[in-house]
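Below are two complexes that have subunit A in common, paired first with subunit B and then with subunit C.
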Partner chain A sequence: MLVPFLFIGIPLAAVVILNALNWKNRWISLWAAVAVSVIQLGLGVWDLVRVVSTGTPVSSSFFGNFTVDSFAAIVLTIIGLLGCVTALVATGTIHESRFSFGSALLVLLMGMNGVVMVRDVFSLYVFIEVTGAASFLLIAIDKKRDELEGAFKYYLMSALATVMMLLSVAFLFVLSGGTSYDGIAAYVASLNGNYPVMLNAAILLFVIALSIKSGVVPFHTWVPDAHSSAPSPVSVVLAGVVIKVSGVYALMRVYRDVFLNDPKIGMALAILAIASILVGALGAIGQSDIKRMLAFSSVSQIGYIILGVSTGSMLGFVGALMHFFNHATFKSLLFTDAAAVYHQTGTRDMDQMGGLGAKMPYTSVSSIIGLLSMSGIPPLSGFWSKLVIVIAVWQVSPGLAIAALCLSVLTLGYFLILQKKVFFGKLNPAMDAVTEVGGSLRFVEVLLSAINVLAGLLFPVVLYYLHMRGIL
Partner chain B sequence: MSGMSSALPLWLVLIPALFGALVLILPGKVKNGGLVGVFAGALGALAAALSALGQSLEFTRAWAGWGMDFSLKLNPENLPLVIAAAVLTLVVAAWAGLSGAYPAKSKVFMASMLFALAMASGALMANNLVAMLFFWQAMWAPVFGMIQAGGENAWKTSVKAVFTAGASDLLMILGIGFASFSAESMTIDAMRVPATALGSWGFLLMAVGAIGKLGAIPFHGWLYDASEDAPAPFMGLIPGALNLLIGTNLLSKFPGMFDGASSGAMLLVLIAGAGTVVLAGMLSMSAGGFKKLAIALNVAQAGALVLGATSVAGGAFAFAAIVSAAAGCCLYLSASQLEKDAAGKSTLASFAFYVSAGAAVAVTFTGALYRIALYESWLSLILSVVALIGAIFAVSGVTGLIRAGRDGEKSVPSFDLGRAQAWLDRTRCDPYPAARAAFKGYAKVSLTVNDAISWFYDVGVVWFVGFLSGLVKKAHNGSQSRYVLWVLAGAVIVIAIFALS
Partner chain C sequence: MILLLAGLVISALAVVMIRDLLKAAVSLAVLSAILTVILFLLKAPLAAAFELSVCAGLITVVFISTISMTKLRTKEEVAKHQVERRRRFRLLPAIVVAMLCAGVALMLPHLGQMIPAGVPQVAAAADTAVFWNQRQADLLGQIVMVLAGVLGVLIFFKESDKP
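Presenting the complex of A and B:
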């Protein structure tokens, strides 16, 4: 079966063809990224339906072992959606380096798809590196000082993570004699909890490395700088999907499929998650740069996803994936809104804004939808994912569930601050000439808003289906 | 009692919601389109509700698994509340149309009114705790839209409303979790929460959620800002009417849902109810204007509703919610009109204000007397008597304002009670002079308590969150070396967790 390989092969072929032909038309690369993403979206949905209906994963061993199970199919679909959104936002905001942007985005898609489908820790490491390298390129694509600094910080933190991960892979290879998920898992299971020091070290190194990639507190420091300094479409894809695939998803896979839901990892993740929810939200409240505020809010929301993962239960994983999807859609929506505001006003400083709601009604309403969803207000999608996560955490530790619930009020805090400073209140006279964005940006705003509302209505049906199928 | 399966309960939610969506997408050129939409949506909902008279209908579909069903139930107990919600939405829309009190963003405002009606109807009919929570929380979106439609000053109100009600909603979610876990069910009319510690916490926290929705003390502070900043139709519809209906409706289900809470939990709820009536009664005595008096009376009747609805026969008391919602709605609308007009000009508004004030006071008395009549324990009797004293204060607040207007002490319009006032003076039945003389000091205490609660929300919470946020901001100073130290510290923490667990 070739389908899993197509997720690697199609973007790879597109990059090679684009660069081999060396077309002068700079638009072609962005539209190629849109086309590849749409194909991936279709393939992802197709795979998802097939995997869920048959109950068996799809594998291919052409140029490596790739497997698509239900979790992977969901994430591949999300990557397709976000790839498409990012390329569309780029058509409206990237004016220089369009060709390079499109090529790097295709490489990024390939890297993330690999992370999602691989079944051995070394390949996981390789594809995480591919994703990281493409991300550095994208952040620094315009070669401006801020962008280079953000990319450098991301690179430095990634380098730390890389060293740790590689060392961990080496330890695991020495201990289990291989690097496949199944082989290591069999070795871990055979120990009955009596882990040698080297295995504990390998687990610790992997967890810390992927925590850096996930941007959870206290390993999050690169997130605000990289997100805020990156060009707008790069912020969309970074916050929307990159850190979640190369960090959170990889962590979930390793925790579940390799280390067999080790309770020590679960405990560590739960504590890091609660710290992320708190520090991320407090950090967001204190910002005046709109993108920096959204970046801190990503740290907070990723805390919820990690909290779901930390339970080690199927319900927790499903809640985490639901919030993964939601965060991908509402955070991309909010970064698109930020891009629209920046594009029209020329500033990201919220203290210089105000009253833009009347001038930019689509952007204003879509930001309210995104923020309400993020705050977990029904009928939007965020309500269901947070509810499922809280229920899953409750089953493991009621205290943590209560803490997560109480801290969610802080989300409302920065939601209101953003709304007040940007869209409500008195219009800054200097912004009297501001108009609404059009074209691809407006299309993305409407599309992602609609997805947030529709997902909110459909999530209970999905949960019911999974419940009835005995998956949950 | 199981009802006949029907989609009508669902339509009661869908009709106003669909009209709300229609209003939103109406072109701006359509004159009065928003207002017409509200009338059509609310009338449609009213007609659908009236068609269910005398029937018990149920709409239940499997929703999200684990007992989280989408279950709506319409029966003779909650049908009057659903009808009241639709009627009061019509009243507020009519008032907005007649008085010209269109908020600046009227389309958003009118659509929000319909969404609020849809969600309130859903919350009133929900027969599953998660479905109830869904509608209850979904009211946030229209509430936010309506407050923001008020204009530039609405920001402060939004913050207070969000944090006050947000906090109480969070506690309610916890309460729902505790109660469902204890009862092993989420179906409201089937669940019996045992009187365990967890069950009692469920009772208490869910009661806090309902008390917060009712706007009882200490969740009333945002009303003062809202009465100044938010459009009057918002005050009339949300805190004045819909919140009272859904809050009381939930409380009235408690006697059926809980086998009995611990005496401590019940005592705390009683104290909240009686304390609210007394403090609000005192606030009414020191209210210097119509809006403040309207708030005090509304808060007082919220306290009385807490007392009545949580009693052993709470279901029967739910009907008082209809009177209180009508009174609350009318109080806010007429108070807004009176403060806008020159003193003594609005006879009709004065009349409406005093009649609704009388109704609010009557609800307050009824709550206290109802609880006394049911006599559950000595403690409940004492607290009910305290609430009765609070109701007397509330009456004094009303008569005090009438006097102030008549005697020219305050530039407020006064409705001339004519012979009735003369009779009150002659027979000394007006409790105001006695109440004022006797409890001047306590009124000051109530103001101090009120100010302290406002300070907590306005200054305390803001300062504390700002302080913590400032610390986080300082810690992220862009220094790469510091960030590497963060990572090292994190690594130490993770290793420590591993070592200790």
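Presenting the complex of A and C:
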């Protein structure tokens, strides 16, 4: 079965063809990225349907062992969607470096797809490095000073994380004699909870490394700088999918398939999650830069995903996966709105804005949809994922569930601050000439808003289906 | 071995602290060469051969090629940067040495417990099977990484795209 290989093969072929030939039209790179992402979206859905109907993962051993199970298929679909959205936003915002942007975005897609499909911790490390390298290129693509600074901070933290991960892989190899997920999991299972010091050290290093990549507190300091200094479409893809695939997805996969939902790891993850929800929300409230506010918000929302994972239960995992999808859609929508506001007003300082709702109705309404979904207001998609996570956490620790519920009020807090400062209130006279965005940006705003609404209506059907299949 | 490890730490500090990029790249090559010797002494000849050829050889060439594409700073920029660097890196060697001493002091009494008695010794055959025969996926990753590197050079050193 060649399909898993195609998730890397098609973007690779596209990059080679784009850069081997001398194209007169420099826009072709971005449209190629859109086309490849749409193909990936289709392949992801096809794989998901196949895996669900047959009950077995799809594997490919052509040029490497790549496996797509239902979890991987969903994430690959999300990557395809976000790749398409990012390339579309780039057509409206990137001008000078558009050809390089398209190629770098395709390399990023390859890296993320590799992270999702491998079944080996060393290969996981390699593809996380590829994702990091491509992200670094994209953040600094315009070669401006603040972009280079943000990219450098991100790369330093990423380098620290990957060194720790490599050390952990070395420890796991010495202990288990292999690097495959199944091999290490078999070794861990054979210990019956009596872990040697070396294994504890390996687990600690791996969890810290992936927490750095996920932007979880207290390793979140690079997130606001990288997100705010990056060009607009790069912020969309970074917050929408990069930190979740190279950090959160890897953490979910390793916690479940390698360390077998160990309760001690779960407890540590729960503490990190609650800290992230709190610190991220408080950090967001204090911001005047719209992108920094959304970046801190990402830290907080990723805390909810980690909280769901930390329960170790199937319900918590499903809730985390739902929030993974929702965060990808509502956060990328909000960063697209931020891009629209920045490109029309020339500033990201919310204190200089106000009353833009009348001037930018599409952007205003889509931001309300995104923020309501993020705040967990029914019937939007974010409500369902947060509900499932809170129920899963309640089954393990009612205190933690109450804390998560109370802290979600803070999400509403910074949502209201953003709306009041940017879209409501009296129009700043300096903004009188501002108009609504058109073209690809407006299309993306409408598309992602529709996805948030439709997902909210369809999630109960999905949950019912999972219940009928005996999964929940 | 202690002299080699000390040489490793000193050359690593030199890479970070030397102002001249070319000399820093050469220090990195020296670091890789010392690491090669250490790997040979630890009976890992395959790792040592790769370290020498890739890190001390290929990567040094790549770094020097890239440095050759950069522009030299003016005397005023060098002087300003020199003052900032001195302020920032003054304590770095002291911090590194302190961390190393603390690490050794904490870990030395527990070295015997780090690897439990029942852990199977990793045989050369397991090394070959896991780190040579099962790495096709990583080869693809490395091809993509090389592509990313080439793109990086094009993005950062090429003139801006034509309209």
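By our rule, the second predicted complex is superposed on the first by the 470 of 472 C-alpha atoms of A that agree within 3 Å, B and C clash if a C-alpha of one lies under 4 Å from a C-alpha of the other, contacts with A are read in each partner's own complex, and residues count from 1 in each chain.
We adopt the following convention: a residue touches a chain if its C-beta (ideal position, glycine included) is under 8 Å from a C-beta of that chain, and two chains touch if they have at least 3 such contacts.
Computed from a prediction, not measured in an experiment: that's the story for all the values here.
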| item | value |
| --- | --- |
| Subunit A as common anchor, with subunit B and subunit C clashing or fitting | fit |
| First (subunit B), second (subunit C), both or neither touched by A:Phe324 | neither |
| Partner chain in contact with A:Phe71 - subunit B first, subunit C second, else both or neither | neither |
| Subunit B or subunit C, by number of subunit A residues touched | B |
| Contacts of A:Gly413 with subunit B and subunit C, given as first, second, both or neither | first |
| Touching partner for A:Lys153 - first (subunit B), second (subunit C), both, neither | first |
| Subunit B versus subunit C as contact partner of A:Tyr304, first or second or both or neither | neither |
| Which superposed partner A:Phe99 touches (first subunit B, second subunit C, both, neither) | second |
| Touching partner for A:Tyr181 - first (subunit B), second (subunit C), both, neither | neither |
| Touched partner set for A:Phe7, first subunit B, second subunit C, both or neither | neither |
| First (subunit B), second (subunit C), both or neither touched by A:Val207 | first |
| Distance of closest approach, subunit C and subunit B, by C-alpha atoms in Å | 10 |
| Touching both subunit B and subunit C, residues of subunit A | none |
| In the complex, subunit A residues that touch subunit C | 8, 12, 15, 26, 63-66, 96-100, 103-104, 107, 110-111, 114, 118, 120, 122-123, 126-127, 129-130, 133-134, 136-137, 140-141, 143, 173-175, 177-180, 196-198, 201 |
| Subunit A-facing residues of subunit B, complex | 62-66, 68, 70, 130, 133-135, 137-138, 140-141, 144, 148, 152, 154-155, 158-159, 162-163, 166-167, 170, 173-174, 177, 181, 465-466, 468-473, 476, 478, 480, 482-484, 486-487, 489-491, 493-495, 497-498, 501 |
| Complex interface listing, subunit A residues touching subunit B | 153, 156-157, 160, 200, 203-204, 207-208, 211-212, 217-219, 221-222, 224-225, 263-264, 267-268, 271-272, 279, 282-283, 285-287, 368, 372, 376-379, 383-384, 387, 390-391, 394, 401-402, 405-406, 408-410, 412-413, 416, 419-420, 424-426, 459-461, 463-464, 466-468, 472 |
| Touching residues on subunit C, where the partner in the complex is subunit A | 110, 113-116, 119-120, 122, 126, 130-131, 134-145, 147-149, 151-152, 154-156, 160-163 |
